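Each of the next two complexes has subunit A plus one other chain: subunit B in the first, subunit C in the second.
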Partner chain A sequence: MKNRLKVLRAERDWSQAELAVHLDVSRQAVNAIETGKHDPSLPLAFKLARLFDLSIEEIFDDQN
Partner chain B sequence: MTKIDHTRALKIALCAILYLLAFGIMIASQNGALEGYGDGTVLAAVLTAAVTIVVITFLWIKALGIVGPQEEPVSQSTQKSRNVLLFAAIIGGVIGFGFALSGDLRDGGAALFSNNPIAPIAAIAFGALFVLASIWSSIRWHRAADEHERAAANSGAYAGMLAYVVLTPLWWLGARASLVPPQDPMIVFAIVLAVYAAVWTYQRGD
Partner chain C sequence: MPNAIKKTRFQYYDTLVDVGFYLQLVGTLYGFLLRGIVARYTALETEITTIAVTVFYIGWLILLFTVAARFMRDEYAERLWRQTALNFTYLMIFLPPLLYIASMVFHPAISAYFAAGNEFFRAQPSPGQYPAQWNMYTGVVNVVMFAGLYAPLVFTTIYKFHRWRG
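Here is the complex of A and B:
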């Protein structure tokens, strides 16, 4: 699933590891989500949305 | 569609093959001891294989990110899962080392990699420690790891199960037809474990 995670992370000048700490996951998990290899669960998607103060739809795009 | 990193897949597959090769050398050395080859030769082969296994294990652990540069921040869940894996590795090392010492030293001190008789007390003690430590660490790890890590481990477990389901009856049939030697459960165990670890490592990603 396509997402804007990399852009949102870059806007805050966070590394993958720093974002991983905010989400309490591994850096590999962040990398897998960013590259579309892993679709996050609903709880993790909500966590991301809250962290960036956006809705889930504004971060993830299931149309592609 | 997931993009496949062929170089990474190749490295992990190579690690798995080398692991099995080293394990095979250990067993072959044991058979060599039984068939009367010199103790020195057997011991050298066992030591070489043991060093190979340790090096490959280290590379694998490094690929999993358990050890290495710690400059980057690590989340609590990742740290907890690493601690559990480290605990499991230490217990595994203690069992392996103790098991090796519990055997007949004329066999090259590698009771772990043979089917030779061992003392009942050693079997009970190491068996109990293995069961308790593996169940405890598996439960703890699954609770500590994040969802991506768990998904990667589950993929590895599925692949390992598939390897077991295919390999066991195939070997059994082959042995009944005298095409291959009788089945050795520890070789099956090693192959299943290698497939599990390779798929887990690959799915986990960089």
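Here is the complex of A and C:
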């Protein structure tokens, strides 16, 4: 699923590892989400939304 | 669980998998490929073999732990693990008949390899290695032991493939 995670992360000057610590996941998980290889679970999606103070729809785009 | 440990356990999982994988791989490659060379060209076969066997079993223990350590896998690693478990199940179902067919096709070469002798494929257990009552089940025992020793390595190889592909 397409997402703006990389852009949002860059705006805060965070590395993938730093974002991983904020989300309590591995850096590989962050990379997989950013590249669209892995869609986060609902709890993780909500965690992302709260972290960036955005709605889930503003971060992820499920339109093909 | 302290936050410092909680936040790093996911980071350590893949590292632990890699350590266990390469340790057991090194021990395996030594046993299959290098032991004969070491025996032929050095006087240190016993010492090197002891080290290789130790390395093998340390890797095996680590991989056993990583397969079972759910608490160290985040959702992405857990997804990869479940994909691996599915592939591994298919492998365990279809590998025996494929091996049987291969053994029929490559029978002469396999016979020659076993005739040369190899610790991992010893047909008879050493005296005292197994209880005497198990002797009539030697073949089954050896197959179970072999599978038990190498299943974690096979499982981890599939896991690493999925991780690489992802």
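Note that the second predicted complex is superposed on the first by the 64 of 64 C-alpha atoms of A that agree within 3 Å, B and C clash if a C-alpha of one lies under 4 Å from a C-alpha of the other, contacts with A are read in each partner's own complex, and residues count from 1 in each chain.
We adopt the following convention: contacts are C-beta pairs under 8 Å (C-beta built on N, C-alpha and C of every residue); 3 or more make two chains touch, one makes a residue touch a chain.
The structure presented is a predicted model; accordingly, all values stated were derived computationally and were not measured.
Look at A:Q63: by the touch rule set out above, it reaches neither subunit B nor subunit C. When both complexes are overlaid on chain A, the residue A:S15 reaches subunit B alone and has no touch with subunit C. Of the two partner chains placed by the overlay, subunit B and subunit C both lie in contact with A:H38.
Residue contacts after overlaying the shared chain place A:D24 against subunit B and subunit C alike. Which of subunit B and subunit C touches more residues of subunit A: that partner is B. Once the two complexes are overlaid on chain A, the subunit A residues touched by subunit B in the first and by subunit C in the second are 17, 20-21, 24-29, 32-33, 37-38, 40-41, 44.
Those residues of subunit A that touch subunit C in the shared complex are 17, 20-21, 24-29, 32-33, 37-38, 40-41, 44.
For subunit B in complex with subunit A, the residues that touch the partner chain are 2-3, 65, 72-78, 81, 146-149, 151, 204-206. The part of subunit C that touches subunit A in the complex is made up of residues 6-7, 10-11, 13-14, 74-77, 79, 163, 166. Touching subunit B in their complex are the following residues of subunit A: 15, 17-18, 20-21, 23-29, 31-33, 35, 37-38, 40-41, 44.
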